[in-house]
């Protein structure tokens, strides 16, 4: 049909020939470029990377870790040897901070990953099938949505012998946070499934799992990613709350919430115990929220806002 | 062929078992299709494929064109290399550059996307292609290219087409046989020649008399049959003959006794002496063009 | 053996009775909850009312002055508030309250305790002052996060409505901006917020627990923590029952509000 590598239509219309060079930019590149234009998000990304380094690489570089040492004098204000002071039991606060940040980040990202995986499949399945399947699945989601996250997680953690490792905490929090993702995904899928390419897949003989995994979820990727990012911040605050109440990560392991909890009575007397973990928590959540906002702007092709 | 909303697309999808049947039956090569489960239907889908109307919505925007065309093959178990080879063949077959397989749908024009849709439909070597208004969403100049492609393909591959359209000139060009639909019912079936030269049902006559003729003399002196009023609701159609509320014959030519028959008795689709089938109690073939 | 007995007794619990508590034979769960209900309820209620009111106002203003300095400031404050852990902020507020009291030389803010039975029998004004002194700080803390997220929703929703065709038509008809906002835009913009608030009740309950712990209020939050610490399953069940009821009630109210706000929805 065509010998010299050009289709018939391209030969007839020279404008189509030019299309080849400009269309090299893939969708992914477009999204990345749009994200980089969002200044708060970019700054937050850098900041978060620094915090992650602090949390995961810091312990290898800093003299003290998060456990108690006899040599450490207790209740010392910040000094050269202990830039953030020491705790009542004899911890180096900086070492605690690093480890606390590490645990907090590990829990939060695990929660987000788990919840997103389960919630996306659940929501997409409910949205695709519709009817009674959908109604039933969403009732289940509603039940989990209505329960206060902290309450439920604390109750389970406090009552079960599941231990208080960060992975157990992550699992417990995930049980109550997948529902928000499911709801978001179902909403997106409801509008997607009316599109003709879904019908085309059915006409080719595609089964429901095929359509859900290969068509619906990839096309819902944008909102899913945004929701997952914002869920990280929610998970951080949930874990912090649990640890603050003594029902989350417990000694000898440390988390930021727990540090604040132990320092509850020392807000004015030993502020170096109370403020640093809180500030770090706020920074982490702030950066994640901004990144989520930037992702939302980058992934939504209809966004017309121009950030300064 | 028929107006928007008369049920053409629904019928097309019913034929492919994409919508559940509530009454009646559909058979393919003697085997009933309605009521088959998805799993039983799957092997049959290789023979029966669908080309969609909207070139923008019928291709998954997140998949490359090559993946889109290969998908039916992958669903039915083709290997990766076989599929890839066939995709190049198919792209060439529909007049596109095989190198463009790695691109995304949004990088193509409407006409090109429709060609991709045709390539996808052909990937399983179907015998019957149902095309639901495949050129309605395209510019008139592009329509010709796609129609020509469809004709060439039919010759090369020996396909049977079920072409759904509201555009009379397209139908006249490409169809061998025509069925006219109104409000969910077939009102006339005939070969293309028969339908356009001597339509029998008043609705068909009105449609054909509305086609503009290039010859100004003929255009001005022709007899026009017009249809008045709005389409009744498909959920609550008129009793007896569904067309009677807009039928010029009913309004102008029939006696009261004859009208009663139109109101009470739904006309069935049969040959009333014209050589082809129509659904009107008082049909009479007229030469309009 | 003891467990089996407890399970048997669970089935025969009379209405109002919650079963035996692990915190001692004289600890009646039903009474304990009833005592603390009002304490928590007034905190949750006040915070939600203030959060909602403020959220609507700032959301609307933000939307009307989109891209202005005010808008950006409010958005940033909102982000900050959303990232603030309730319990940490509570601690800061508490310390600030103490500092303020020291500066002023008077106990303006009561930073510990709920003071519920303090001013009993005193004249109304004193009762009111007492309540204010005890409630001011915790309410501020509790309303902050809800306010931040609801304000953002209201802004988005308001923007959508303001850009819609029928609002444009109202303006084109010559109506004053003020009237347009009040009569046409606001009602519609409030509808999505109703859903968000109904779901947000769960979050406020969470926050209330943390706030009560910090300010040492004897409310349901404190009750919950004690129950968990003592592995008191019956107490926990009673608590969960209550909070579940509150949330469901809140959703019911939201559904009723839909009918008021959205003329397309009318219940038979």
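Letters are used for the chains, namely A, B and C, taken in the order the chains are written, and counting of residues starts over at 1 for each.
Criterion: a residue touches a chain if its C-beta (ideal position, glycine included) is under 8 Å from a C-beta of that chain, and two chains touch if they have at least 3 such contacts.
Because the structure is a prediction, the values reported are computed rather than measured.
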Farthest chain relative to chain B (centres taken as mean CA coordinates): C
Central chain (distance from its CA mean to the mean of all protein CA atoms): A
Interchain centroid distance [CA atoms averaged], chain A/chain C, Å: 25
Chain centre separation (chain A, chain B; CA means) in Å: 49
Whole-Å gap separating chain B and chain C, where each centre is the average of the chain's CA atoms: 59
Chain A - residues contacting chain C, complex: 145-151, 154-155, 158-159, 233, 237, 240-241, 244-247, 257, 260-261, 264, 267-268, 274, 277-278, 281-286, 289-290, 293
Contact set on chain C toward chain A in their complex: 79-80, 82-88, 91-92, 94-95, 98-99, 199, 202-203, 205-206, 209-210, 213-214, 224-225, 228-229, 231, 233, 236, 240, 243-244, 247-248, 251
Touching residues (chain side chain A, partner chain B) in the complex: 1-2, 5-10, 16, 19-20, 23, 26-27, 195-197, 199-207, 210, 214-215, 218-219, 221
Interfacial residue positions of chain B with respect to chain A in the complex: 16, 18, 38, 41-42, 45-46, 49-50, 52-54, 57-63, 71-72, 75-76, 92-93, 95-97, 99-100, 103-104, 107, 109, 111-112, 117, 120, 124, 145
